[in-house]
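Paired with chain B in one complex and with chain C in the other, chain A is shared by the two complexes that follow.
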Partner chain A sequence: MRKKSLYRNQIIMGYVLLIPAVLFFAVFFGYSLVQAIHYSMLDWDGVTKAAFVGLGNYRELFTDPVFWKAFVNNIFYTIGILAFGVLPGLALAYILSRPYIKGRTLFRSVYFFPRIISAVVYGAVWKWMYDPRNGLLRLIINLFGGDGGGFAITGNVKTAMLGITITGGWTYFGFCMVIFIAAFMGTNMELEEAAKLDGANNWQTFHRVTLPQIRPVINMVLVYTVIDCFKVYDLVLVMTSGGPNDATQIMTYYIYKQAFTFNRFGYGSAAAIVLGIFMVAFTVIYNATLGKEEL
Partner chain B sequence: MKKRTIAILMTAAMTASMLPGTFAGAEEQTTITIWDTFIDGTLGAAMSDIVAAFEEANPDVKVERVPKELTALSETLKAAFMAGDAPDIVYLEAGIGTAGNYVQAGYYEDLTAAYEEYGWKDSLMSACWEIPSADNFIWGVGNEMETMSLYVNQDIFDELGLDQPKTVEELTADMQVIKDAGYQVLANTLDSSWSNNMNFIGTLLYAYMTQEEIGDVMNNDGSWDKESVRRAVACITDWLDKGYFPEHPEVDGDQEQMYFSGNTACWVTGNWEVGNITERTEFKTSIYPFPGSETCADGGSQVNFAGGAYLVYSGSEAKDAAYRFIDFSISNPDTAKTWAEVGGTMPPYTKEYEVELSDLAERVVELLGDETLQNTAGINMWLGTNAFDFFSEAGQKLAIGALDEDSFVAEADAAKNKDVETGLTKGSFKINR
Partner chain C sequence: MKMRSQKTNRLITRILIYLVLILALVYTLIPFATILLTSFRTAKDAVRGPFTWPKDWNIVGNYIEAWEMGQFSRYMLNSLYMMVLTVVGTLVVATLAGYSFAKFRYPGKNAIYYILLIGMMIPFQSIMLPLYFTLKSMGLLNSLSGIGLLMIGTGEGFAIMMMRSFFIGIPDSIIESARLDGCSEIQVLVRVVLPNTFPAWTSLVVITAMGSWNNLLAPMMYIFSQDKYPVPYALYAFQSAHTTDYQLLAAGMMISIVPIIIVYVMFQSSFQNGLMAGAVKG
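== the complex of A and B ==
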């Protein structure tokens, strides 16, 4: 009887201890979310009287070609970061987690370095590198006999997003590398040795033995990467401001412009809600399919 | 005995507590709060000097100044208005696109009566009230006058035997001479920076448009579909085609470095560069009014800006003190000197005052005061938010061939029509009185 009472008290105490976190979440997330949903149904400039428009903002949003352009650009950026950031990060992590590599700590620090620099700084540096008038890329192309001045990566609607994506990937691979190194360090080396004794080559050992062991980490990195890529803002702002001709328009910049440049808080909120729904949907679908843990 | 002691002590305490009150009453001070955007060295120093001088001359007013970065000020101001806790004075860009919805919401005071009382229209340049006003409501007092002009490397002009161009057509002919001689013609880029697009296009538009046409678009929501606008756009594309701009003008570039290198002959820019040019170049620079087109019936106009304006919060409980501060800050020979010498900017004060300026700065004063020139508020001072966004990118779009004369006019009109729908143009702006 006394034991049961003690158990009940522990449960009550558990709920009591949860209250601050729940309150914090309710005020700073729940309330904001509800408010954003409310705003998304208003025609409101953020200052004067608002008018209720129901789903009007959403209807307009889905017929706005710039919104879709921003959405597609975000997908392009995400795929690019997976290619230029996550994959190289995974490969480097595997190499640098091998015990026979000398100077591993130095390499890890050097590769991680871009991640600690502000996007404003590396954005400006890469902008100079891409500068067709006197940038590094021009010098290199000229060095090999090409016409470095004839090509403007961020000035061309076809290549501007690629330029930003490469820059983003450069900052991202070091971050992925650090996470993957920690995962590789926790793998069972004996399994790899056993696979090799059974005649598996390096690729087969990596693909069939090592990689499955870090699958939960890969899932986490992939979900994080997609969410992070849809939140990118400062890099685009510094490098192209969404131009030329909306070629590098992305969701967050689009939302900011609608809300703060055009004073369309309702419309901007609707775009933010759609972005939030997309990211939640992606996470749920991914975890239910590709990211599902095998028991 | 005990009760008596307490009573004596209480009486003493009450008397003592009344003493500071008596003194405070004699020196009753009103406190006004100012949020401004003078975070940089020279303008911030000028503003500090002016605040100190004002407090010395007006011991009954204390000024609490909060300098903020432009974006931070804009974002916190909205929250401050909605919380009823806005500063008494705000110093901010005050065009209709920036301040219009706050005016409609009733957050800014109508300064028409203050203009009368303090005689500001007699002592300040007209841009001070022409920009922050619509529907017979003046919501600001402009400051920091700026003007766009043609800055030329006089050494190159002399070497090539070129004189001051009197028309755009003459300038175009000079540009070909400069290019043929192997010099870079223009330092201007039409890149992702809104101001590089807006200032250049605005200058060219005003070279072709008559005052009547500018007034039609600015005040009456008139169409951009005008022959003069098409000619201005054609001129820009012609200059692009002929390679007068730097290589890849659509890509962000350091215009200052290009001009300061000494290899570039012309730069269409504003007087905010005068200090840099004076300090960082070894060659001689001449500042010419940007020439109008031969096709423009009235010879074209010069683009002027007010860098910012004083605005007064309608909920302020110290409006009189706020007006006194504004009057002291801008309609005063001493503070005009401070703005010019310490701040390095041109005050809008039109009466005579003593000031020491560099040769180029004196030239700017001449241009601003030249009555033969038609000084007109630049497009960014009166465009609504959608049109502002269009003109922020239009130059880059012209540079990459995404716009031509027809689409330029069509998109400019579409943006203007959106602004008319929101009531944020001078023609459509209405105050609920």
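== the complex of A and C ==
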């Protein structure tokens, strides 16, 4: 008798504890998500009466060269972050995880530092560094005999995205390093010793023995990186605002601009839904294929 | 002889390794050093550009000027208010829900859990436009409380997941024995469960607080009055207004990052663990 009422109490308590979470989710997330799908099928400026256009917005979206440019730029940024962020992070983590390294905590704390600062701060400083009039990049190019004053990395259509990506990588490598170092510290050092005794060189040991042990962590970092790179917004806003000539246009900024500059809430929502679907699809497909071993 | 060359090889390797580490250290610190040095220069000296060595120093003047011109005291309070609201709200919501998912049995539990986790996969950017109208209809547009509340709703998925896995690690026997001692469910929660929760909170507090402190997109979308700007947005507006006053901009940046630097130095392992958990589980 007592046991039964205890169990019923538990059911009630279980639900009661969920009330705040469900409420916040429903009001701020669930409802907005449903609305986003709804808006994406409207031709609507946010103020006057909306007209239902079905999949018209999506059709227009897929034929808009600027949207594709934004998508390609996000992919470029992602690949750049892998090169300037994830790889250096992996290398530094490996070095720092060697048992004889002194000052590990200091290095780790400093490398991680850029990750905690707002893009409004580091984006602005990197803009100074890139400034062809008096920036650091100019000094470096001049040092090697080039024409630093004539090279505006973020002002040039061809290199603007590269400039942003380098800055992005600067904020990211220390973050990756912290994740990877924890993974490397957990690897079995005896296996490495054994491989070396068997005549494997350093690279072989790293590639064949150490790396496979942290494979699950690498997979997680890759998924997170892609998602993070498709969410980037602040950095682009501060450094180039999507310019010059849409050269650094990215998905999130495209959505923002469609809605708040051109008052196209329906169309912007369609782009937002495509972004959301892309991310969910990527995560699901990656985990089902390449990332499968970890599950 | 062979011994010796092996020893030299090892020495060279180590020197190279430290060289790489120190280069990366310099690379990381150059932007920060630039801000710091520039913030200490006189206006006349700073005109020469942020990458010249300072000649005239003005250690506190720029800070006072930027603080007053940028009205940072107001923006700091705005940010602080938003941050406290988000952090406290997220903690409450996620602790209760995480406890429920970990320690209670009831129909529909897994379904609800996975629905709440959808919030982790779909980015804020996908729902930010409708959210504008949601906030508007609730009278929360142009309101810091509105942003604080929406950040609880959009960020809770991760927080719930973290708290749930923490509570799963707490043995059931503690809770069972409290129940058998005649404690009501509320007493169990308050007397037995919550006192054990503090360790899980530090990482969650740090990650939520940082997300709130650095948030630029949401305030840009939903805040219109300048007196309600949080720090990053205010700094962005300040930058647009003073593009070449390097010394003032630098002082403004220093002001905006000092609070977070202090917190980082105090709780750096929580920072690293918190953001790491965000990546690994997200």
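Keep this in mind: the second predicted complex is superposed on the first by the 263 of 295 C-alpha atoms of A that agree within 3 Å, B and C clash if a C-alpha of one lies under 4 Å from a C-alpha of the other, contacts with A are read in each partner's own complex, and residues count from 1 in each chain.
In this text, a contact is a pair of C-beta atoms (placed from the backbone, for glycine too) under 8 Å apart; a residue touches a chain by one contact, two chains touch by 3 or more.
This is a predicted model, so every value here is computed, not measured.
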Fit-or-clash call for chain B and chain C when the two complexes are aligned on chain A: clash
Residues of chain A touched, compared between chain B and chain C (which is higher): C
Chain B versus chain C as contact partner of A:I75, first or second or both or neither: neither
Touching partner for A:I285 - first (chain B), second (chain C), both, neither: neither
Contacts of A:Y100 with chain B and chain C, given as first, second, both or neither: second
Touching partner for A:P132 - first (chain B), second (chain C), both, neither: first
Touched partner set for A:P114, first chain B, second chain C, both or neither: second
Touched partner set for A:I11, first chain B, second chain C, both or neither: second
Contacts of A:G243 with chain B and chain C, given as first, second, both or neither: first
Touching partner for A:M189 - first (chain B), second (chain C), both, neither: neither
Segment of chain C intruding into chain B (one of 112-120, 202-210 or 220-228): 220-228
Residues of chain A at both interfaces, chain B in one complex, chain C in the other: 46, 131, 133, 260
Chain A contact footprint on chain C (complex, rising order): 14, 17, 20-21, 24-25, 27-32, 34-35, 48-52, 89, 92-94, 96-97, 99-100, 104-107, 109, 112, 115-116, 118-119, 121-134, 138, 149-150, 152-154, 156-157, 160, 179, 185, 210, 213-214, 216-217, 221, 231-233, 235-236, 239, 246, 249, 253, 256-257, 260, 264, 268, 271-272, 275-276, 279-280, 282
Contact set on chain A toward chain B in their complex: 45-48, 127, 130-133, 149, 152, 154-157, 240-245, 257, 260-263
Of chain A, residues touching chain C in the complex: 6, 9-11, 13-15, 17-18, 20-22, 24-25, 27-33, 35-36, 38-39, 46, 88, 92, 95-96, 98, 100-101, 107-122, 124-126, 128-129, 131, 133-136, 139, 170, 173-175, 178-179, 182, 217, 220-221, 224, 227, 230-231, 233-234, 237-238, 251-252, 255-256, 259-260, 265, 268-269, 272-273, 275-276, 279-280, 283
Of chain B, residues touching chain A in the complex: 74-75, 78, 81-82, 101-102, 104-105, 107, 192-194, 246-248, 250-253, 385-386, 389, 393, 396-397, 399-400, 402, 422
